[in-house]
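As written, the chain order gives the labels A, B, C, D, E and F, with residue 1 at the start of each chain.
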Amino acid sequence: MKSISFLSILSLLALTLPLVIGSDPSPLQDFCIGVNTPVNGVFVNGKFCKDPKLATADDFFFSGLHNARAVNNAVGSNVTAVNVNNLPGLNTLGISLVRIDYGVNGQNPPHTHPRATEGLIHFQANVGRSPAVAFAALSSQNPGVVTIANTVFGSNPPINPNVLARAFQLDPKVVIDLQNKF
Amino acid sequence: MKSISFLSILSLLALTLPLVIGSDPSPLQDFCIGVNTPVNGVFVNGKFCKDPKLATADDFFFSGLHNARAVNNAVGSNVTAVNVNNLPGLNTLGISLVRIDYGVNGQNPPHTHPRATEGLIHFQANVGRSPAVAFAALSSQNPGVVTIANTVFGSNPPINPNVLARAFQLDPKVVIDLQNKF
Amino acid sequence: MKSISFLSILSLLALTLPLVIGSDPSPLQDFCIGVNTPVNGVFVNGKFCKDPKLATADDFFFSGLHNARAVNNAVGSNVTAVNVNNLPGLNTLGISLVRIDYGVNGQNPPHTHPRATEGLIHFQANVGRSPAVAFAALSSQNPGVVTIANTVFGSNPPINPNVLARAFQLDPKVVIDLQNKF
Amino acid sequence: MKSISFLSILSLLALTLPLVIGSDPSPLQDFCIGVNTPVNGVFVNGKFCKDPKLATADDFFFSGLHNARAVNNAVGSNVTAVNVNNLPGLNTLGISLVRIDYGVNGQNPPHTHPRATEGLIHFQANVGRSPAVAFAALSSQNPGVVTIANTVFGSNPPINPNVLARAFQLDPKVVIDLQNKF
Amino acid sequence: MKSISFLSILSLLALTLPLVIGSDPSPLQDFCIGVNTPVNGVFVNGKFCKDPKLATADDFFFSGLHNARAVNNAVGSNVTAVNVNNLPGLNTLGISLVRIDYGVNGQNPPHTHPRATEGLIHFQANVGRSPAVAFAALSSQNPGVVTIANTVFGSNPPINPNVLARAFQLDPKVVIDLQNKF
Amino acid sequence: MKSISFLSILSLLALTLPLVIGSDPSPLQDFCIGVNTPVNGVFVNGKFCKDPKLATADDFFFSGLHNARAVNNAVGSNVTAVNVNNLPGLNTLGISLVRIDYGVNGQNPPHTHPRATEGLIHFQANVGRSPAVAFAALSSQNPGVVTIANTVFGSNPPINPNVLARAFQLDPKVVIDLQNKF
C-alpha cells in the first residue's frame, strides 16, 4: 500500500461523494440477516432472514477491505463491493460500501446503479502519478451496477448490431468488433 | 395515422411494459399543482405548489397525445412525454406517460430513467414493416431520461477521449469522431 | 374497433390522467416475477418471486389489450386490467395499466384505488356519440379498486339497512332494494 | 362523561383499530412545525416549517380531547380530529388522532382516508344502549377524509344525475332528491 | 379506575403527542395478517401473512386496553402495547397503540423507538397527585422500544465497565453496581 | 498519520458496518444542492435548493477527511461528519459519511441516530495499542446523533434529578453531580 498517495485517495473520495445513490430502506425489526435459501423453489423481494436466535457476530463482519486488489485488467481498476451478498447483516439497512483500487491511468468506467439514489451515468479516473484507492458508500444494501459498455456491447444474447450502429452512429463492423471484445 | 398497424402498437406496448421504473410518490394533500416560480432565488426538491384556490381543470389536462410526431431524425423515432413539466397536476402523484412514434426500422435508443423503478438500460426497435406507436407509463412524475450515447459521447464539457477509448475499447480517433457527432 | 373515434379516446385519456394514484415501489433486485405459491400455508406481503433462473420472456408479456370488450352490462363499460396478477413481471415495479371500453352513455362508475396515489373518488363517463376507449396508468402493481355502489350496497354479509339508510338519507326500503340489486 | 360506558368505548376502539391507514412519514430534521404561510403565492407539498428557534411547547400541545361533542346531527356522531392543521408539531411525523363521539344509534358514516394505509371504505355504528366514545390513530399527519355520501351526492358542481342514477341503480328523481339533501 | 383523574390523563396525552415516531408502511394488498411461522427455518423482514381465506374478526380484535395494570415496580408505571405481535391484523399498516398506567410519581423512563418517526430520547412523568393513564399512537406496527438505562447497564453480555465509566463519567464501581441492578 | 495501524482501522470499520442506519431518500430531480436561506421566515422539511444554474463543482466537494483530529477530550475520540450541512450536494441523496479518530482507549460513546436505519444504541471503543481511525456511512444526508449521556444528563433545561435518579437507580446526588459535568 505504500505507493498509494493519501492525497490521491482523498481527491477521489471527494469525487465519488456526489455519486452515491439509493433504494428504500425499511427495516421492520431490529435486524434481518439475509439468507439465500429458496423455500419450495420460491424467493422473496430481497432475501429471507436467518433465524435471529442463530445470529452471530460473523454475520456483521467483513474482512478484506484492507487488501489492495490487482488492477492489471482492461480498465486498470478493481472494485471490492461489501454489500448484502457478502455481509448478510446489512440486509434491510439500505446501505453498502465499495473499495476501488486504481492503477495509474486506471478508471472505474461509466456505469449506473439501478437501485441507488443518483442513477446518473458516472465514472472516476485516476489522473495522478501513483496508484490510488477510494472508499464510497451507496444507499442500498444491494445497489447493483450496470457498466455501460459491457451491458450495451456484451449482452447475451447480443443486441442486433444494426440497432447499436444506429444508436451509437458507428459502422456496423465496428459494433460487431466491440461485441466480440466484450 | 392510417399507416400504423394496430398489432405493431400492441407488440411494442408489451415490449415496454417491463421497462417502467419509479421514484417515491408521497402526496401530503389532495393535490399540489406544480409551479416553477423560484422564491428569493431558491427552489424546493420537486416543485412549489400553485395556490389551490386558483386550480383550474386545465392544470389537469394535456392535449396532443393523439398527434403523430415526425420521425425523420437520426434514430427514426420521437418521444412525446407527458409529465409534471407539461401537465402540472401530476405533481406528487408519482406517475407519467409517454407516446413514442417509430418509423420503419426506427428505435428508441438505449437509455435509463434515473428516477423510475427499473433503471436498467433498455431500448425498443420497430421490427415491423410499417410505422408504429407505443404508450408507456413511468412510475414518477419526473422520471428523467439518460440516453446512453448522447450522455457518454455528447457531454458538455466533453469527457477526456482517452478515458472513453479505454472504457469502450475504441480507437481514440473514433471517440473524437463520435464526440463531434453527438 | 372502427366505430371508436380517436378523439374520444384522447379526451378520455386526458380525463383519466389526474386520476392515477399509487403505493410504494421498492424493488430490491433486478426483477422479482410474482408467483402465488403459498409456502406451508403462509404468504408474504405482496408475492413470492419465481426462481430468477426460470424467468422467460412470457413473464413480461401480456396479449389482449388490443381486443375491445363487450359493454352490454349495467354500467355500459368494461375494464381490462393489466397488473401483477396477470403480468407477473410487474411485481415490485409499482405500476400497472388498464384499458377501459365505454359504450355510448357508458361509465366507469365512482370508485377509489386503495393502493394508488390519489384515492379520491373518481369516475369517467362517455359523453360522445360513439363508443370510446381509454388507457390509464396506476402507480401500483396491485392498485385494487373499490367500486362505491357495489361495496356499500353489495357487501357480503350485508350492512345493516338502517345504518345505510341513515348514512345516505334514503328510505330503508330503498336500501333493501339496492342490496338486492348489487 | 358519566353516561358513556367504558366497555362501549373499548369495543369501539377495537373496531377502529384495523381501520387505520397511512401516507409516508419522512422527517428530515428533528422537527418541522407546520405553518401555513404561503410565500409569494406559492405553497409546498405539505407545509412550510416555522423557524425552529421560535418553537414553543404550545406547538406540540392540543387541549380539548377531553370534551364530549354534541351529536345532535344527521348521523348522530361527531369527529374531533387532532392533526397537523391544529397541532402543528405533528408535521412530517406521519401520525394523527381522532376522538369520535357517538349518540345511541349514532354512526361515523362510510368513508375513506386518501392518505392513510387502508383506504378501504369503513364505518362504525354504536350498537350499545348508551353514548360511546372512541380514540383512533391514523398513519398520516394529514390523512384526509372522504365521506362517501357527501362526496357522491353533495359535490359542487353536482355530478350529472343520470350518471349517478346508473351507477347506483336509483331513479334519477331519487338522485336529485339526494343531491338536494347533501 | 375511579382514582384516575381525567385531567391527568389529558395532560399526559398532550405530553405524549409529539413523541410519536414511525417506520414506512407499505401494504401491497388489502390486508396481511401477520403470522410468526418460520418456513424451513427462515423468516421474512416483518412477518409472513396468514392465508387470507382463513381471516377472522379476531385477527383484528384486541381486548384488554380497559384494564388498569399494576404499577408497583421500580419506575411506577406499566406499558400495555397493542402492536403486530398481539394484534396480527395491524401487520403492514404502519401503526400501533400503547396504554400507559402511571402511579403517583411514576414515570415511563427515558427511551427511544428505533422504528418510529421521532427516535429522540423521551420520557413521561406523572406530576399529579393521583394515578394517571395515557393512550399514545406510534407510526409503526412494530416500533420497538429501547429503554436507555436497561440497554446501557443491563445488556447481556455486559459492556466493559471501564467503557461505560468513561462515557457516563461515573466511577467504575458505580457502573458495576448499576450493572448488577439492571 | 504514521502511528495509526491499518489493521486497527479495518477492525473498527467492520465494527461500525452494522451500525449504519437511515431516513428515506427521495430525489425528485437530478440534484438539489441544499441551501439554508429561510424565505420570509419560513423553512422547508430538509432544505431549499440552490438555483441549479448556479451549481458549481465545489457544491459537491469536501476537503479535510484526510486530516487526523485531536482526541485529547473526555472520551478520547473525535467525529468528523460529512453531511448535507457541510457538503450541500448530498441533499436529497439519503447518505453521508463520518471519519472517527480514536486515541488509545478512546471511544465513540453510546449514541443513536434518529434518522438512519438502525437507531439501536451503539458505540465503538479502540481496544488496540495505537490510535485508530474509522470511516462509516449513514443512510441519511442528515442522520443526526443523540449521545446518550449528554442528552440525558446535559439537557437544557435540566431534567428533574428525581426523575433521572429513579430511571437510572442512582442516588439523586450522583445525578446532580453528573448534570454539572455534562
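The rule we apply is simple: contacts are C-beta pairs under 8 Å (C-beta built on N, C-alpha and C of every residue); 3 or more make two chains touch, one makes a residue touch a chain.
Here the structure is a predicted model, which is why all the values come from computation and not from measurement.
Novice: Keeping to the contact definition above, tell me which chains border both chain A and chain F.
Specialist: The common neighbours are B, E.
Novice: According to the touch definition, list the chains common to the neighbour sets of chain C and chain D.
Specialist: B, E
Novice: With centres defined as the mean of C-alpha atoms, identify the chain lying farthest from chain E.
Specialist: B
Novice: If you line up contacts by residue number, which pair in D-F, D-E or C-D shares over half of them with A-F? Let me know.
Specialist: D-E
Novice: Please state the rotation angle, between 0 and 180 degrees and to the nearest 5, that superposes the Cα atoms of chain E on chain F.
Specialist: The best-fit rotation has an angle of 180 degrees.
Novice: At what distance in angstrom does the C-alpha mean of chain E lie from that of chain D?
Specialist: Each chain's C-alpha centroid was found; their separation is 26 Å.
Novice: Where the centres are mean C-alpha positions, what is the separation of chain A from chain B, in Å?
Specialist: The answer is 26 Å.
Novice: Centroid from C-alpha atoms only, then distance chain A to chain D, rounded to Å. What do you get?
Specialist: Measuring from centre to centre gives 47 Å for this pair.
Novice: Which positions in chain A touch two or more other chains at once?
Specialist: Residues 24, 26-27, 30, 39-40, 44, 46, 92, 114-115, 118, 120.
Novice: Indicate which of the five shapes (line, ring, star, complete, other) describes how the chains touch one another.
Specialist: Shape = other; not a path, cycle, star or full graph.
Novice: Would you mind giving me the full set of chain pairs in touch?
Specialist: Those chain pairs which touch are A-B, A-C, A-E, A-F, B-C, B-D, B-F, C-D, C-E, D-E, D-F, E-F.
Novice: Can you check the complex and tell me which residues of chain E touch chain F?
Specialist: 24, 74-76, 105, 107, 109-110, 112-115, 118-121, 123, 125, 146, 148-149, 151-153, 159-160, 162-164, 166-170, 174, 178, 181-182
Novice: So in the complex, which bits of chain B are touching chain C?
Specialist: Interface residues on the chain B side: 1, 6-7, 9-10, 13-14, 17-18, 20-22, 24-25, 27, 30-31, 60-63, 65-66, 82, 87, 89-90, 92-95, 97, 117-118, 120, 135, 137-139.
Novice: Which positions of chain B touch chain F when the two form their complex?
Specialist: 23-24, 26, 38-46, 114-115, 140-142, 144
Novice: How about chain D: which of its residues touch chain F in the complex?
Specialist: 24, 26-30, 32, 35, 37, 39-40, 44, 46, 48-52, 91-92
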